[in-house]
Amino acid sequence: MTEPVPVVAQAVAVLRREVAVERAGREALVTTAPYVAAFVVLAGLAFGPSPQQLAPVAGGTTWLAVLGATVPLARAVAAAEVAEDSWDLLRGLAAPGALFTGKLLAAWAALALTWALATGLVVLLFEAPVPPQALYGGALGTLALAALTTGFGVLVAAGTRRRGLLAALVLPAGLPALLAGTQLATPGVPVLPWAVLMTLYAATVLAAVWAVFPVLLEE
Amino acid sequence: MATTTTRSRRTDRLLAAATVLAAGAAAVLALLVAPPDAVQGQPQRLMYVHVPAAWLAYLSFAAVLVASVAHLVTRDLRWDRRARAAAELGVGMTALAIALGSIWGRPVWGAWWVWDPRLVTTVVLLLVYLGHLSVRGLGDDPATGARRAAAVGVIGFVNVPVVHFSVVWWRTLHQPASVLSPDPAPMDPRMATALGVAVLAFTLAGVLVVRRRLRVLAAAGPAEPAPAPLPSPVTGPLVVTPRIRP
Amino acid sequence: MTGGAAACGPVRPVPPRAGGSYSDAMVGQPAVGSGPASPPAVDPAAAAPVLTLTGVSRAHGGRPVWAPVDLSLAAGTLTLVTGPNGAGKTTLLRLAAGLLRPSTGFRACAGRALYVRGGGGLRTAQTVADAVSVTAALAGRGAAVLPAVDLLGLRGLADRRVGTLSAGERVRAALAAAIACGPALLCLDEPTAALDRQGLLDLAVVLGVVRGSGTAVLLATHQPDVLRPSADAQLAVADGRVALS
C-alpha cells in the first residue's frame, strides 16, 4: 500500500516540486534579480566611479551580493512552507535526506543564478575580466552557501521568534566562501590554494549540515 | 542528594580557594616579578590576562562541541546545560580577549584592529557562539532550543578551522609578514612562569564559574533529567478496531 | 517511509489487503455528493494495527500535555478526536503522524503517515492540479492523482490557484493531495470547520472510500455529529487525559 520511494527519486521529486512552485510564483527570481541589479549599481556608486577603483573590488562585490542573497532566499527553504501550512505534509512525505537534497539543489540553483547575474553585471559595469577559475569558485561557493541556507533556513523557520537571527548565523559562516570566491575571481592571484580551500569549505559545510539536518527537522 | 550537594559545595570551596591563591600568585608574578618587555614596555603586561582569556575561550568552545555532540546523541538536557554554560563563559572570555587585544594593540601597533587571521577568527568565533546562545530564544520549548543550539554548535565549530585558514592565506598572499608572528627570541622564564600561573588561575576560575552556572541552570530547568520511567497510562490501552455493522 | 525524522519504532508489516491499491479502490467510486455515506465493509479479523502508540506522551515547556497513551488503530478505521481548545488534540495527531518526537514512549507505524491541518498542505501559488500532482510524486504515486481529483470533485477547479480557493474547496484540494499519496494513516486536524452540512456529508463519503482501501483515519473535530455514525471510535481529549468515549 505504501511502498517506500527510493531517496534519490524522492530528492528529484522534491526538486521538481521546488521548480514547479517557482514557476508558479517566481519568488526566487523577483527576490534576487532586482536585488542584485540594485546592489551592483549601488556598489559602483560607493566604490567608483573610475575603472581603476572598480576593477579590484569586482569579485568582492559579486560575493557580497551572493552572501546577502542567502538571507531572503532562505525563506523558500521552510519559512514559506510553514507560512502556507505545507511544511507538515512535505515532512510527512519526504525522507530527511531527500528533503535536504531537493531543497539544497533548489537553493543552489537560486544562488548560482544570483552569482551569474552579479558576475555579468560586474563585467559590464565595472569592466572587470572574469578568470576561468572564478567559475569553479562560483559553482562550489554557491553550493556551500546553499547548504548553509538550507540548514539555517529550516532552523529559523521552525521557531516562533527571532527570525532575524538568520543573517547573524549565515553571514559569519559564509566567510570562507566570500574570501575564496573573491580571490578566485581576481586575476593574478594563485589559483591552487583558493581552489583547494573552496573545495574543503564546501565539503565541510555539506557534511556538517547533512549530519545535523534530521535533527533540525525534528519538532 | 543531600550528600551530593554537600560534596559539591565542598569542591566549590576548594576550587575557590585554589583560584584565589593562583590569581594572587599570578598578579604578583605578572606585575612585580616579571620584567617589562624589552620592546613593548609595560603594555605587554596585558598579555597575562589576554592570553589566559583566549585560552579559556578556546577551551570552552571545545567543551561546547563535546557537550553538543553528546546532547545530540543522548538527548540528555544535562549535556545541553553543560554546552550552554561553557558557551556563555566562552563568549565572555572571547569578548574580553578581543577587547584586551585591542587595548594592547593600540600602543604597540598604533591601531585598535589589524586584519590578522587570529583576530578575525576570534571575532567569527564570538559571532558563532552568540548565535549558538541566541537560537534558544527561537521558541519556548527547552528541548527544541537545546537541539537547535547543539546543531549550531556543531556547524559553527567545524567551520572555524576553515575560517582560520582562509584568513591566514588571505593575509599571507597579500602581505607576506604577519603583524602577530611570534617573536623568535625565547620568553624570559619569569614571564613564562607568570603566564603559566595566570592560565592556571583562569582555568580554575572558569571551572568554578561553569559549576555554579550549571547549578543555576539545573534549578531553573525540569526537576528530573529526561528519561524517566514510563508511567502506566491512566486510561488503559485504547484499541480501535473496525466496528461490526449490521 | 514514515514521516519526518521522528522516532519510529519497529515497523510491523501490514498484510496485503484484498482490493489492491488506492487507485484501484477509487476507480468506479461515486463522486462526491452522488450517494449517501456508507461505512466500508471491513473484516475486523483482517484489520492489523496501522499505528501503535505505547506509553506516548509529549511535554510542552516541561509539562506533559496529557497522561501517557497506549493507542492502537486498525487499518480502515475512522477515529474521531474531540475535546476543548488547548486540550492537546493537535499534539495527539502530530505525534501519531510522526511529526512530533514523543517525550516518552514509542510509536510504531506500518507505512506512510500524513498530517493535514484544515485545508493546508499545498503551496498557494500552484494550481490545484499541479499542487496535487507534485505532492503525489513525493510518494511515487503519480497514477493516483486523477482518481483522487475525481473523488473530491475537483475537476472543475483543477486550473484554479490554491490561494484563490474558498476554505471548503481548499480542504477538498488538501484531501485529494493527501489521499493520492496513499497513506497508511491520515491525520486530519479540523477539516470540518470550513465545511457546511453538505460538505460534511461529502466528507463522510470520501472517508468511506479512503478507509475501504485500508487507510486508518484520525480526525480531530468540533463537529463530530455527522461523522459519528460511520466512525469506529471517538477519543475524548480533556483534563490531561485521552479516553475512549
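Here the chain labels run A, B and C in written order, and each chain numbers its own residues starting at 1.
Here is the rule we use: a contact is a pair of C-beta atoms (placed from the backbone, for glycine too) under 8 Å apart; a residue touches a chain by one contact, two chains touch by 3 or more.
Values in this document were obtained by computation on a predicted structure and should not be read as measured data.
Undergrad: Report the chain whose CA-based centre is farthest from the CA-based centre of subunit A.
TA: When every chain centre is compared against subunit A, the largest gap points to C.
Undergrad: Which pair wins on C-beta contacts, A-C or B-C?
TA: Output for the comparison: A-C.
Undergrad: Using mean CA coordinates as chain centres, what's the subunit A-subunit B distance in Å?
TA: 30
Undergrad: Counting only Cα atoms for the centres, state how far subunit A is from subunit C in Å.
TA: The separation of the two C-alpha centroids amounts to 36 Å.
Undergrad: Using mean CA coordinates as chain centres, what's the subunit B-subunit C distance in Å?
TA: 47
Undergrad: Out of subunit A, which residues touch more than one other chain, so two or more?
TA: Only 215, 218-219 qualify.
Undergrad: Which residues of subunit B are in contact with two or more other chains?
TA: In subunit B, the residues touching two or more other chains are 140.
Undergrad: Name the residues of subunit C that each touch 2 or more other chains.
TA: Residues: none.
Undergrad: Using the touch definition up top, name the residues of subunit C that touch subunit B in the complex.
TA: Per the touch definition, subunit C meets subunit B at residues 39, 41-44, 47, 55, 59-62, 67-74, 76-77, 79, 103-105, 216, 232-233, 235, 241-244.
Undergrad: Give the list of subunit A residues in touch with subunit B in this complex.
TA: Interface residues on subunit A, with respect to subunit B: 148, 151, 155-156, 158-162, 165, 168-169, 172-173, 175-176, 179-180, 183, 189-190, 193-194, 197, 200-201, 204-205, 207-209, 211-212, 215-216, 218-219.
Undergrad: Over in the complex, which subunit A residues touch subunit C? Could you list them?
TA: 1-5, 9-10, 13-14, 16-17, 20-21, 24-25, 27, 80-81, 84-86, 88-96, 214-215, 217-219
Undergrad: For subunit B, which residues are in contact with subunit A within the complex?
TA: Residues in contact with subunit A: 72, 120, 124, 127-128, 130-131, 134-135, 137-140, 144, 147-148, 150-152, 154-156, 158-159, 162-163, 165-167, 169-170, 173.
Undergrad: Can you name the residues of subunit B that touch subunit C in the complex?
TA: 140-143, 221-222, 226, 228, 230-245
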